[in-house]
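One structure is given here, and the rest of the page talks about it.
Naming follows writing order (A, B, C and D), and every chain is counted from residue 1.
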Amino acid sequence: MSLKFEKKPYFMPVFFSGEDDHGINDTSFHEPADINVISLTYETDREALESIIPDCYELLEPYVNIKFCEFFGCSWMAGKGYTLINVNCPVRFKGERDEMEGDLILVMFENHADPIIGGRDSMGYAKYFAEIPLIEKLNGKFSCKASAWGKPFLEMTVDTNVKASEEDIEEIKKVEGRAKGKFQYKYMPKVREKDEPYEANYTTPDCAYPVVLPAFEKPVDYPYELGASESEWGMGSIKLTPTAWEDWPHGWRIGAGLAKLQPKRIIAARHFTYKDPGVYYTCYILR
Amino acid sequence: MSLKFEKKPYFMPVFFSGEDDHGINDTSFHEPADINVISLTYETDREALESIIPDCYELLEPYVNIKFCEFFGCSWMAGKGYTLINVNCPVRFKGERDEMEGDLILVMFENHADPIIGGRDSMGYAKYFAEIPLIEKLNGKFSCKASAWGKPFLEMTVDTNVKASEEDIEEIKKVEGRAKGKFQYKYMPKVREKDEPYEANYTTPDCAYPVVLPAFEKPVDYPYELGASESEWGMGSIKLTPTAWEDWPHGWRIGAGLAKLQPKRIIAARHFTYKDPGVYYTCYILR
Amino acid sequence: MSLKFEKKPYFMPVFFSGEDDHGINDTSFHEPADINVISLTYETDREALESIIPDCYELLEPYVNIKFCEFFGCSWMAGKGYTLINVNCPVRFKGERDEMEGDLILVMFENHADPIIGGRDSMGYAKYFAEIPLIEKLNGKFSCKASAWGKPFLEMTVDTNVKASEEDIEEIKKVEGRAKGKFQYKYMPKVREKDEPYEANYTTPDCAYPVVLPAFEKPVDYPYELGASESEWGMGSIKLTPTAWEDWPHGWRIGAGLAKLQPKRIIAARHFTYKDPGVYYTCYILR
Amino acid sequence: MSLKFEKKPYFMPVFFSGEDDHGINDTSFHEPADINVISLTYETDREALESIIPDCYELLEPYVNIKFCEFFGCSWMAGKGYTLINVNCPVRFKGERDEMEGDLILVMFENHADPIIGGRDSMGYAKYFAEIPLIEKLNGKFSCKASAWGKPFLEMTVDTNVKASEEDIEEIKKVEGRAKGKFQYKYMPKVREKDEPYEANYTTPDCAYPVVLPAFEKPVDYPYELGASESEWGMGSIKLTPTAWEDWPHGWRIGAGLAKLQPKRIIAARHFTYKDPGVYYTCYILR
């Protein structure tokens, strides 16, 4: 008897895979996690940002939003916690069928390999590992950073003692309120055929398509309370240090690329907490 | 201007990708790493092992080989090091075109996310993260372990004070000498279409094909010395502890599956060191 | 010019030391941290517990209390966070001058070396390093563990779905309400004289005395809010796994010793949060 | 029955202590570890260096030597490994009884808390925790760094492609060959008396004395081979980044102090390996 691929989810290593369910019917996955967030939005160079976005997405405002999120008690991770950084920009998808506004996730750093592997292989989330410590908090000022192989490449502060303008706060609320989902671009390079030269390896895709994870809608019978805290608005700073191959051989292009998206102006920043059940099975291919 | 996918390697996040080369022409990738290995081969239940292997591969001896490998000075990682565990069994691939014997990698644990992501997305290596400390050595006895979220699931010792039989050592040499490459099964689940039910998500593949990384052949003009140390043969022990969803929500099936491959007999074990340049661009799809 | 020891705090390496202040006058040290706690109290064998307590302390109830505490935003650590485990029992100090009831800290595990070194060298806190992940939370059940070199030796759950008896809850409140401070025993072994045999090394003390850190009293002009959340009471479990020299060469006696304090009865457990400013300069020698 | 302090080694927590032996008679402690080293010596400002050295030590050459050492298979740590950085300068101790030349260890960074706590409390080694990755090696160039809370403060390279002058190599050999031991200054601050003001806490010592660990002399009946590899001499670089309280609340004075010892001239650097049994019971108080 050998492994037969049935019509159910498989992930590498396939030899130990064949999931019966990925949380749809498992109520132990549904309790929301507690999430502590510092978020900052800045304006960057429109051309620099547009140059890295595939055609199917249209950049709206030339804004980059960065959220450091501490997750505690994730039911979909059996109650464990971890930290992620979501780097995104506001875009509109316009396809033959779908038209939708949302956040294009340029990269999502996480400090544990398990959610990275899971999110990449399923939804095509642009996840990557980074060392991310706990968010620091001192007298109303929050700070955090991301490092690769011990070298910080992304440092952020949110200072709630410094006030953002009401106008800028409204601008952020408008942009965030408009988003109907999280956009990705799932891509996997193909292994060469035996008779192709080495140079051909990985130069065409196994798959390449846009994906959306729609914003979570609380089911009528959802038994848990959700909701977010009031935002503590403030201003902040962002430091993007370019990385070279020697620093980070597998991921240096990410650090180098982020460093090309330098801030022209910090718009506003904030600290808040919220609850989220982590529902990931609703994503679909955009057409 | 937007991101156009040219004919070159892309990896997620594609927004910061588009590699010019993946080591073929970059001589700084060619210096060999120093590798310290403890290796153990055991016999397991043939049916248990066959049941997890896809049809395209035929199990030869019902052996499981486990290697803990410390890598130091990997040029393909800019001189950095890390640790991996290679769990494999001897198989024959028999397709319409190719017929070949080699090691099917059931799972490869690594203690850093970067080589995991790189190896999964390119060659379809069945890589997964585990916490792997340095190999311990005390009075001729080596030991090491792999843990997930702080819980050990794979513990191995190699004791060079206890002798393996000459016959068993010859058996290992025969099996290892026969292998012409490392076999994988590249698999990526597909995101559902918008009008499919949630349950359909990830139940069909984006790609699903067997792959081989042929054994490295030293080029005529290769400037570095390679070679392996003498093996210090011995015996050893292996402890496979089943894991549950609560222990390891994303990877528990791997720990649970390995625990079904319990040893019936330890054949032999050894410690050795070798040098390897880490050439990964030669892999191809088996047909 | 050379290093002169003035009348101020020095810690090793003394070459880079000579603190001007340790937080007494530095208001940036005074903001409270947010602390997330799971706590469990159990009854153990009275003789086993008494046998490890120095004469100057008298054991009251034969109870062991274990608290896992996640600290976020510690101002005395410049806003950083970490995790500790406080293992303590209720005792009375009775000296020539002082008489006082409080918690004798048998061992305090922390997951970062800096507070360990600081607390040991100043107050003689019985601190030791352990790997301590974030507290897990799933459907009202909390769990956490401590490991040394990758091997768990202390695992604890607190299940708020299971109710403790009112009587037992009152017992815990009585014991905890009575404590007037945290007791320690500061001890440092002395280096031998040149003409003493090697065996004499470290067999007499540089210092050996009981210490108390009095419970924090909020100053009249303290500008921050303190206070604790309501306790979510429940029951729980504790798993103490003995450790051997091979597992944990420097600390194995701690794991082995804790395992001799096995629970005879779980009294009650709870989850709560509180705020604490981390004032450590008030401790003094008990006489 | 209560804890009685007998004439044997105790370490905090004393409740779980009372060692029978610390390796003198335990032959499993005597197998040498394999150590991989990169070492660099530079000249610094004499006055800056003298200003941090206590009177009992006289600075010889104004040199700072920094060694990054990877330890593998330490028998005194049950076969485990770890990494340390030894920052030292050549001094002469001149007391009433003893006169001796050796290396004054200004600070020793280690990447695990257990040897730190052990070495501080016994010999008064100026040990401190730092994050230290594996030594990188790429085309004859070695590099490594030390970080605190994710921020690098000490970065070093040793490039064996660049040659040191014969004269400078001889100078290093002379200085290193002269050393008869490793010098420390054991210091522990005292807890205040109850009636002393808070400001008095820790401002006088529990102990304060110079210590030496004599160079290891191989016993006549020592059964293991020792010895060092040939040195691969080269040149290198050192980067000392000052640290502030916000970066590293407990240890920032160390990073800030090291940054005052900037190199005026790199003398020479090298890579080598050696074997060492880790004998620490021979240290004594200098008089």
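FYI, contacts are C-beta pairs under 8 Å (C-beta built on N, C-alpha and C of every residue); 3 or more make two chains touch, one makes a residue touch a chain.
All values reported here derive from a predicted model rather than from experimental measurement.
Visitor: Using the touch definition from the top, how many steps at minimum link subunit A to subunit D?
Guide: Tracing touching chains, the least step count from subunit A to subunit D comes to 1.
Visitor: Write down the chain pair with more C-beta contact pairs when A-B is set against A-C.
Guide: Contact tally favours A-B.
Visitor: If more than half of the interface residue numbers appear on both sides, call it same; otherwise different. Which is it for subunit C and subunit D?
Guide: At the contact between subunit C and subunit D, which are copies of one sequence, the residues are largely the same (over half shared).
Visitor: Please indicate which chain is farthest from subunit C, where distance is taken between mean Cα coordinates of the chains.
Guide: Relative to subunit C, the chain with the farthest C-alpha centre is B.
Visitor: Report the inter-chain centroid distance for subunit B and subunit C in whole angstrom, where each centroid is the mean of the CA atoms.
Guide: Subunit B and subunit C have C-alpha centres separated by 43 Å.
Visitor: What whole-Å value do you get for the distance between subunit A and subunit B if each is reduced to the mean of its CA atoms?
Guide: A distance of 29 Å separates the two centres.
Visitor: Can you work out the whole-Å distance between the CA centroids of subunit A and subunit C?
Guide: For subunit A versus subunit C, the centre distance works out to 38 Å.
Visitor: Name the residues of subunit C that each touch 2 or more other chains.
Guide: Only 78-80, 133, 138, 149, 246 qualify.
Visitor: Which residues of subunit C touch subunit D in their complex?
Guide: Touch list, subunit C to subunit D: 1-5, 7-19, 22, 24, 47, 50-55, 76-80, 97-98, 106-107, 112-118, 120-129, 149, 185-194, 196, 198-199, 201-209, 211, 245-251, 253-254, 256-258, 281-285, 287.
Visitor: Under the definition above, what is the set of subunit B residues touching subunit C in their complex?
Guide: Residues of subunit B touching subunit C: 131, 133, 138, 145, 147, 149-152, 246.
Visitor: Spell out the residues on subunit A that touch subunit C in their complex, using ranges where they run on.
Guide: Checking each residue of subunit A against subunit C gives 28, 31, 72-73, 75, 78-82, 133-139, 141, 143.
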